[in-house]
Amino acid sequence: MNNIIDRYRELTEADKTKVIISSAMAEARKIIPGGNVATYIPELGNVDPNQLGICLFPLTGEKICMGDYNKRFTIQSVSKVIALILALEVCGAKRVFEKTGAEPSGEAFNSLVELDRENSRPYNPLINSGAIAIASELVKEISFYDLLRFTRVICDDPEININEDVFKSEISTCSRNRAIAYLLESKGLITSDVDDTLNFYTKCCSMDVTAESLANLGRILANDGVFKETGDRIMTSSTARIVKTLMLTCGMYDGSGTFAIQVGIPAKSGVGGGLLAVSDKRAGIGVFGPALDEKGNSIAGINLLRNISNKLRLNLFYDPEWNEDE
Amino acid sequence: MNNIIDRYRELTEADKTKVIISSAMAEARKIIPGGNVATYIPELGNVDPNQLGICLFPLTGEKICMGDYNKRFTIQSVSKVIALILALEVCGAKRVFEKTGAEPSGEAFNSLVELDRENSRPYNPLINSGAIAIASELVKEISFYDLLRFTRVICDDPEININEDVFKSEISTCSRNRAIAYLLESKGLITSDVDDTLNFYTKCCSMDVTAESLANLGRILANDGVFKETGDRIMTSSTARIVKTLMLTCGMYDGSGTFAIQVGIPAKSGVGGGLLAVSDKRAGIGVFGPALDEKGNSIAGINLLRNISNKLRLNLFYDPEWNEDE
Amino acid sequence: MNNIIDRYRELTEADKTKVIISSAMAEARKIIPGGNVATYIPELGNVDPNQLGICLFPLTGEKICMGDYNKRFTIQSVSKVIALILALEVCGAKRVFEKTGAEPSGEAFNSLVELDRENSRPYNPLINSGAIAIASELVKEISFYDLLRFTRVICDDPEININEDVFKSEISTCSRNRAIAYLLESKGLITSDVDDTLNFYTKCCSMDVTAESLANLGRILANDGVFKETGDRIMTSSTARIVKTLMLTCGMYDGSGTFAIQVGIPAKSGVGGGLLAVSDKRAGIGVFGPALDEKGNSIAGINLLRNISNKLRLNLFYDPEWNEDE
Amino acid sequence: MNNIIDRYRELTEADKTKVIISSAMAEARKIIPGGNVATYIPELGNVDPNQLGICLFPLTGEKICMGDYNKRFTIQSVSKVIALILALEVCGAKRVFEKTGAEPSGEAFNSLVELDRENSRPYNPLINSGAIAIASELVKEISFYDLLRFTRVICDDPEININEDVFKSEISTCSRNRAIAYLLESKGLITSDVDDTLNFYTKCCSMDVTAESLANLGRILANDGVFKETGDRIMTSSTARIVKTLMLTCGMYDGSGTFAIQVGIPAKSGVGGGLLAVSDKRAGIGVFGPALDEKGNSIAGINLLRNISNKLRLNLFYDPEWNEDE
């Protein structure tokens, strides 16, 4: 027993982090059977639910990768973060927030109820209606290929491409998003072509990423929008702040508030099983775990982030000087 | 001109902060005419709308007080923070979150819509329905006088008392809260006596505080629940974290998301014109400005917090090393 | 076989009606097991679900009574019809329709959603919120004893009394109605004392009637508000019309439209198992069948009315000259 | 004075009816300035609001036509009645009511809220969502030309055609209906091609009719679905009953309940200014008055129907033997 403790003491900080993550991975794997992969298209339904991978990339120190960290999966709603970054940079915050609000909705991600009120607009850019409104602005300014290239850069992953099978399936079964788009058009909130807008939006969702790509992206957000190694600013400080704030308040759909309490860091989930998390000024984190809970978030991924956040004290309101036994 | 710059350079850090706040106060006063005092009871309707006061109490350094910082006003919804702290400490987080959720609602503070769904419960403890559910748990465990004494301690203000006139007016015109309470009772979410619960809740709202009292309270939250001078822990670290997270995501009603982006610190408003804000690990802030915007938040107070947060870089996601000209 | 047909030909019209009703009773009994008695208070939960009774009282011809037609049960929501008649007579249609609308709601009988919109009022006087608003007006003008005496007269049943056990149970478990009443008060739609109003409303619901009492009441409505035998006008023609129209469009909660198509006569149901139906210019009908469907309507009672309406051609839009084999 | 009374006494029944209608027309014209023509497409916005015409065609007796009774206007939502008749005849009631309910909605005609609930379907076939679901079934069975020919027959008006300008305008500005259609598709309630369905639906709305065409249609409904002169049955008795019942409970959007009380006959309105009304077993009525009230119903048309119904005692629950001075 003493031997183990002695050896733990000799570990470097990075080694200790690895031990913590490794142990959290083992815990998280246990709850995978409680979730299910998305089934609305066969390409997602056929994914192996038992996969789990993580990549944590600190601002200082080495990148830690475990499990299926380099398996490709479709980015799905995590792309809403990338589209929002680009929209803030290309169109400006004023134009973005004329089309969507910045408030959590308390409703499911694909709700239309809110939109059916007079003078209403989508609650925020991280739910479907808001992201479709954002796509409508972007499509006037840039091509999808522009966004793809930007994604490759910000994710430091030149191999990101569209998963054509997923795209074809999604575009042929997206009646609900199409309903949202036409409702937005009827309210004057979409002035671009609806088909172009939905193509753009659905292509964004169909990009193939890895947990590592997302960790790279998260690290830039954690570093105020600056690529650490080169010092290149990818987005303004203001954009990075807005994006992190919206991820914190609205990133996990109608589970955002609970996640903020239990995990306490900005994050965004996708039904492909991806999770992007940002420990501000410390690290970017990417997770892949395709078994989802009933809200559509990665069931093992959330558990993993929760344990890691607690052990590594990532919570925004954590007091590093206080030792608490919970 | 040079003289002024020279003199500014010679200022201490605290002096510079004073200059910033003083200038922000002047700005904020200008927009007071765009707001109105609450009028649902005469005691609030007769308040002078032109009052404005602030107290900023840093963890290290001297307390800065300006304007009407020591005028008494009723705490109103800011008391939801105090009741939540006590409920977490006395009843435990598990029991608290059986009665309310932890999600922003996207609805007005006194909405009933959400509650009228099957199996629903109040969205969070900082809107009326959630706070009434919290009061129902507290009333089983403590007396209102217990809460009053706790408030005096945590606000470091032994002179806090109930404003009897406000209490009498409120209790006689609170049909909407009464409707909420009975709806909660019909769903089994209130098991205490409804009249006792509403008395307790309304007394909480009727306590007379000052901007300075709120700054003292905020400073304890900023310090992880510990009274800085004595090192006394007033609440667990976990309670402090939960409270700050909920203030950030739900503290400003259906304006919480926008406030989080524009100001970026946990805050809670009351229709008496009070604002409690917490700059984590840095300072507690109390504001008094009774002219309200259409969402029921202090119109000058929000403007003041926004300018101060920007100038003092209080935003949670601010990068202290980055100089930005916005 | 010929014998039976011969005998049927020899039957009088009243005898034929009896055969039709008797056969419909047998059919209706079969589906009783698909329903359940109301269980929100023990007094209703302990009722024998297998009871079924009917009374059909034509304007001309003899009263037909079968099964448990003279068993007492609490009138529950059928009392909304009596309160509406009295309110129209005592307060006038203008005042009644200032407090409630005249529209079907498409929502469950005890919904609050509609009321939580700005400037809204209860959809109609036959759902709980509307009936509570009506009770609030009545309580300013008459005593409950006045209403009880009126009920005895219009039902031609001097033995109607309050079921005290039911009343006590209901008044002590009516938090949802209390919530509705306070919400109405908060909107200025109730200006009477809330406790008095709910007492009045709940006493109305607790009156003990029989299927025969309801048939007597229905016959007066069928006869334009006039007591056939004496020629006494009990209510104005206009009141009778308004009441029948509202029964037709809103009398069966969110099943009113389907009932109008399938049965096609004005009716009102209560969770005590009572059904009041009016075949205009032809007959009043009362039914008692305490097993309820999932909307809270008597499951056998609706079936019974449907079959009788089809066989006796009671549907408002029935063409008496057309012989149809459906 | 006596002379006038004498002459009135000498009038035939038809002459008396003409006097009543003529006087009601004069009354109705006075309130035209309180309404506005629909403006969502220029073809409707350019219509002269001061037009008013009526045609009342009794089952026995001569057709009475006044004012702009033979001016062509687009049928708009009145076509929902024709589509419903055809769907009931072609697809059967079972299939129709699998796709839509039969309940009034209490919501505006183009609401989506109801549809955004799980397991929900359109409330009834006379609001947009229900009519689009009906169109989706019809388009699988018949061509639009089939429906056009049926319309010409049932309206006894071979000159009915599509107003191509209106059709082109509507189809290019129908994003809200498109949203509804895709939402229905996402719920599996539309299985036909969405574009085909909307073309069919919009063509139905764009047919050019007159008040007289609508009176002819109404007269067939009044006669249990039979063309009086030839005795040809155009629809089953059951279809006629269902259609009349739905017109009574849901035909005037969220003003249906009030209309049922005040006018008391089945009716259906369209934003082109048309009104179809059915006095069962007595007459069909068509009205044209393009100035609309805020609910989208012809403002003068409703007034006209109300006065005529009162004077001619058309209310479903009118007692012909009772003389009332209201």
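Quick notes on this structure:
First chain written, first letter: the chains are A, B, C and D, and each begins at residue 1.
Definition applied: contacts are C-beta pairs under 8 Å (C-beta built on N, C-alpha and C of every residue); 3 or more make two chains touch, one makes a residue touch a chain.
Since we're looking at a predicted model, the values are computed, not measured.
Here A-B and B-C were compared by C-beta pairs in contact; the pair with more is A-B.
Which listed pair repeats C-D comes down to matching contact pairs by residue number; over half match for A-B among A-B, A-D or B-C. The centroid of the Cα atoms in chain B and the matching centroid in chain D are 56 Å apart.
If you average the Cα atoms of chain B and of chain C, the two centres end up 51 Å apart. Centroids built from CA atoms put chain B at 31 Å from chain A. Chain B has no residue in contact with two or more other chains.
Listed in rising order, the residues of chain A touching chain B in the complex are 101-107, 114, 123-124, 223-224, 226, 236-238, 240-242, 244-246, 248-250, 254-258, 260-261, 264, 280-281, 315-319, 322, 324, 326. Chain D makes touch with chain A in their complex at residues 111-113, 115-116, 175-176, 178-183, 185-186, 194.
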